Amino acid sequence: MKSLKCLVSTFVLLVSWFSSAQSAAERSDLNLRTGVTDISQQVYSLHMLMFWICVVIAVLVFGAMFYAMFKHRKSAGHEAANFHENIKVEIAWTVVPFVILIGMAIPAASTLDDMEDASKPDMTVLVTGSQWKWHYKYMENEVEYFSVLATQREQIENKFNKGENYLLEVDRPLVIPTGQKVRFLITSDDVIHSWWVPDFAVKKDANPGFINEAWARVNEPGIYRGQCAELCGKDHGFMPVVVIAKEPAEYAQWINEQEQIAVARKEEEQRLLAMNMSMDELMKQGQQTYNAVCAACHQPNGEGLPGVFPSLKGSALILNDQQAHIDIVVNGRAGTAMQSFSKQLTMSEIAAVVTYTRNAWNNNTGDLVQAKDVNALMQGE
Amino acid sequence: MTTLTDDVKDPATDDASHDGHAHDDHSHDDHHHHIPKGISRWLLTTNHKDIGTLYLWFAFIMFLVGGAMAMVIRAELFQPGLQIVEPNFFNQMTTVHGLIMVFGAVMPAFTGLANWLVPMMIGAPDMALPRMNNWSFWILPFAFLILLSSLFMEGGGPSFGWTFYAPLSTTYSGDSTALFVFSVHIMGISSIMGAINVIVTIFNMRAPGMTLMKMPMFVWTWLITAFLLIAVMPVLAGVVTMVLTDKYFGTSFFDAAGGGDPVLFQHIFWFFGHPEVYIMILPAFGIISQIVPTFSRKKLFGYASMVYATASIALLSFVVWAHHMFTTGMPVEWEKFFMFATMLISVPTGVKVFNWVATMWRGSLTFEIPMLFAIAFIVLFTIGGLSGLMLAITPVDFQYHDTYFVVAHFHYVLVTGAVFSIMAAVYYWLPKWTGRMFDITLAKWHFWCSLISVNVLFFPMHFVGLAGMPRRIPDYALQFADFNKWISVGGFAFGLSQLIFLALLVKACRKRGEPVSDQVWDGAEGLEWEIPSPAPYHTFDTPPQIK
Amino acid sequence: MEQNVKPKTSIDEGSLRAAPNNAKTVTKLVFVVIGMFGFGFALVPLYDVFCDIAGINGKTATTAAVYEPTLIDESRSITVDFITRTNTGMPWEFSVQTKSIDVHPGKLAKVDFYVRNPASRDIIAQAIPSISPGKAALYMNKTECFCFNHQPLKAGEEAIMPMTFFIDPQLPDEITYFTLQYTLYDITERVDEPVSVAMNKSQGR
């Protein structure tokens, strides 16, 4: 019976811990967060309502059982009674839970209806998942970019100390305005991913070939972090979602800047087309790009993972057909994790990385690929 | 059935005694009259008790193999960063751990218990189809050899999760997929044969007077489970076949490019998958309904309502599958339908829990090992059930879905639910099987170590899940680090605790311990407690009379 | 074991009673198993039926609708956005010439899509439509669409692909706005037809 008391006190302790923790911090390590949208707050209260109903049910049922275990034990001299049915009681404990369920279903259904708001949004972002990064495209502006894990490999491999936002940081977060209805159209280029921002109570699967939608109206500016929630292959654990919510004026300024940067970058790319880079320059930039983008699958030593990701070392495609090599980097190969890099990398980066892979690890083809070669392939010249 | 007709023709059966040693002269009839020795006894056996033993040992070995994989997972997750395995292998571990525990440990263990107990409980001499019984067991080891050997292929084994969502398992998977599909087919065939055998046995082999509503609850729950099995295992076979043809034969069931739809995969899979969940829990309900009355010295409360509750859980399980898929994007009306239907399941499940408590109420309770496991089951399964109720609420499920909250939920239901019930059953019937009491000290150690460690293992998963840790990730953010350390410690402790169980079982099989009476547990009622301990190789050649 | 010497009476009857029944029961159960295996496959067309009823995944009809120019609901107008994407491995340029249009339900509207094949090989494409919110797909009627057929382009070729549609006036009032996405897939290796068959498109630019 000692153990019984122990169990009960542990339970009480846990419950009090649980309830004190949620009021203490906004990002709890124990509980759902309240989040920063009206919907996420509704979801949170619904969660707590369900939780406490469950706790009450558990206390009643286990209480009765532990009472019986204590009072009706044989060692206390209790003789067994001789009843084995009672229609009234049985009907009662079928009907009462049913009524409780209706009480749970009504607020749940109304929250669901609130989530299903089809009214016109203030802005739309197309979110595309691919192995293992997110791509954001602002439908109302000429801005689109990839958002890739920014945590250093060395941190993951325990060579450097881990930073505060380990695995929850990206190079370019999604930026949205506060107070506006932002619609997320969600889709995928390869397998199923799931775009999840806990603070918005938004989790929607990205299905290849189909679009899903979700929306959020964020109340407070801030940085909100989430992760991919559907197993999507090797680096499923390494494709976080980071969203920055800015005041509308600040957001407007930001998106204008981004549009200008995008234009400037295009001009720069055109300018680079006319330039030829030296082998050294190409190899240096190529190695950088390779380690940042390609090494996750093909490995830093170019050998890939046998049976999963092909080796680039001595690969027939790389040693022979230069056009096919550029093509696979530009367009990707359907049905494999090899995706199109024409949007993620500039033409000079593609040129550099192709040059690098054609000359590193004893591939030694001696081939130089320039940005204009990549451009020629992309333009079909 | 052929063996039964053999019996009829054999004049030796006219003999009153069925003691094997008395009939050495009839050694040609190796089915009936003596216990054959050596390996061929186990390879060729058609005896339900032998096959039950084989199933149980197989399940236990698979439990240890799948558990070893869980240890790899927990070792990697002990602290943030990648230290022991690389992500691709980690995914293979989560996948194969799931497949082995579901198809290799829990399901065969229940089939083993059904083999041992169903004939003894309904007064039948054996299963109805003994030769098929032999087959349905002996193809299983091959299925798992194929699955496990795929881990050694170049590129490794299946790494797409035990739910093998397309297109990760089709277009984007390695060639081990073919082996995976083949082994799932064999497991499916085995389960279907086992289920057919159980149904035919229960329908046709009951002793005179054993009406359906007099059957022990374990038999009832298994009958309903068997119907679920033959209804959904073929659907699983169908969906893995589609995965195979999509991958290798150019069909596009799940490929948008060819007009298919990856979400269709999930619909078909979960149409199998949800009833599958009940396949793994209904027999557990039956076991608990046998054990609780024994140690309460009181009849099961609400027998009839138990039967109806089991049947309604089984029926409802066919209309709730899409609650696994709320985030795939479906019309709000569907979300509401599947939410309501799922919540409804808690009514019959609640009836069962209330009935167990009512059985204990004003009983005369003692707490032998099987009862300890049964009580742990009731408490911990109910916790899993309540978190399941929370998961049914669609808007909140958007937050819970694919996090460790889900992992906590289904491990409470499957480990402290199904697995604890299997352990309870083994402790309950082991003395009947071996004729001797198991080592009670070891059993107590096993129970208390398991109980504590399993909660250290799974309870904090609720917290990390709510705090936002997705499932199936090999590395995690720093805020989850403390709990994960505890979870891993609990995991290792739970794994080691099972070695106590192994020691106990080995000891029991070597016939150590005090001989037990026929009834074994004072308070035990049912046909299996009226036959001698240990249960003779052949029982109920003469049907018993049911009062 | 000594105990198990109950009077021997009915084992033979018991077995005889059981044997013929077993075969019958097994046969029935095997039919159930075969039936359920078939049902697994039947779920594939059934799913399409459900999609037509409920609009899961925003799938649109794969055949042309017939336009009946009777009812035009001028009291409201619906905004339709278009998104064009190409899948991995598909080198085509693919864009829509009108990114967003406002249209009265019941009124016929036409949108042109531009494609160019910059690759040095001939490619056959298939466009897969998807509408969000999915429910809107039920009211989207296309009288002419490039997505009904395979779209071949020779190396370096370009084309304008038209799509004509009207929105069913029955569209629920709460939907004022929806998005139609087309994803282009390279299906050259899946089909055996020659690239010269030009369908449903006019020469562009």
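Miscellaneous remarks
Going by the order they are written in, the chains are A, B and C; count residues from 1 in each one.
Criterion: contacts are C-beta pairs under 8 Å (C-beta built on N, C-alpha and C of every residue); 3 or more make two chains touch, one makes a residue touch a chain.
Remember, predicted model here, so these are calculated numbers, not experimental data.
Note: the chain lying farthest from subunit A is B, by mean C-alpha position.
Two chain pairs, A-C and A-B, are weighed by contacting C-beta pairs, with A-B ahead. Centroid to centroid, with C-alpha atoms defining each point, subunit B and subunit C lie 38 Å apart. Between subunit A and subunit C the centroid-to-centroid distance comes to 27 Å (mean Cα coordinates, whole Å). Subunit A and subunit B have Cα centroids lying 33 Å from one another. Of all residues in subunit A, those touching 2 or more other chains are 190, 207-210, 212-213, 334-336, listed in ascending order. Counting partner chains per residue, subunit B has residues 256-257, 261, 263, 329 touching two or more of them.
In subunit C, the positions touching at least two other chains are 57, 59, 87, 128, 132, 183, 185. Remark: subunit A residues 27-33, 42-43, 46-47, 50-51, 54, 57-58, 61-62, 64-65, 68-69, 72-75, 78-86, 89-90, 93-94, 97-98, 101, 104-105, 108-109, 111-113, 115-116, 131, 155-158, 162, 164-168, 190-192, 194, 196, 198, 201-205, 207-210, 212-213, 226-238, 305-308, 334-337 touch subunit B in the complex. By the touch criterion given at the top, residues 80-83, 87-88, 91, 153-156, 159-161, 165, 167-168, 171-172, 174-175, 256-257, 261-263, 296-305, 327-329, 332, 335-336, 339-340, 343-344, 346-347, 350-351, 353-354, 356-367, 375, 378-379, 382-383, 386-387, 389-390, 393-396, 398-399, 401-403, 463-464, 466-468, 470-480, 482-483 of subunit B touch subunit A in their complex.
For subunit B in complex with subunit C, the residues that touch the partner chain are 1, 4-5, 7-8, 13-19, 125, 128-129, 192, 196, 199-200, 203-205, 207-208, 230-239, 242, 250, 253, 256-259, 261, 263-264, 267-268, 271-272, 329-331, 333-334, 518, 531-532, 536, 539, 541-544.
Residues 118-121, 124, 126, 128, 130, 139, 185, 187, 189-190, 207-213, 323, 327, 330-336, 338-340, 377-380 of subunit A are the ones that touch subunit C when the two sit in their complex.
Looking at the complex, you find that subunit C touches subunit B at residues 1-12, 14-19, 21-23, 25-26, 29-30, 32-37, 39-41, 43-44, 47, 51, 54-57, 59, 62, 87, 126, 128, 132, 134-135, 183, 185, 187, 190.
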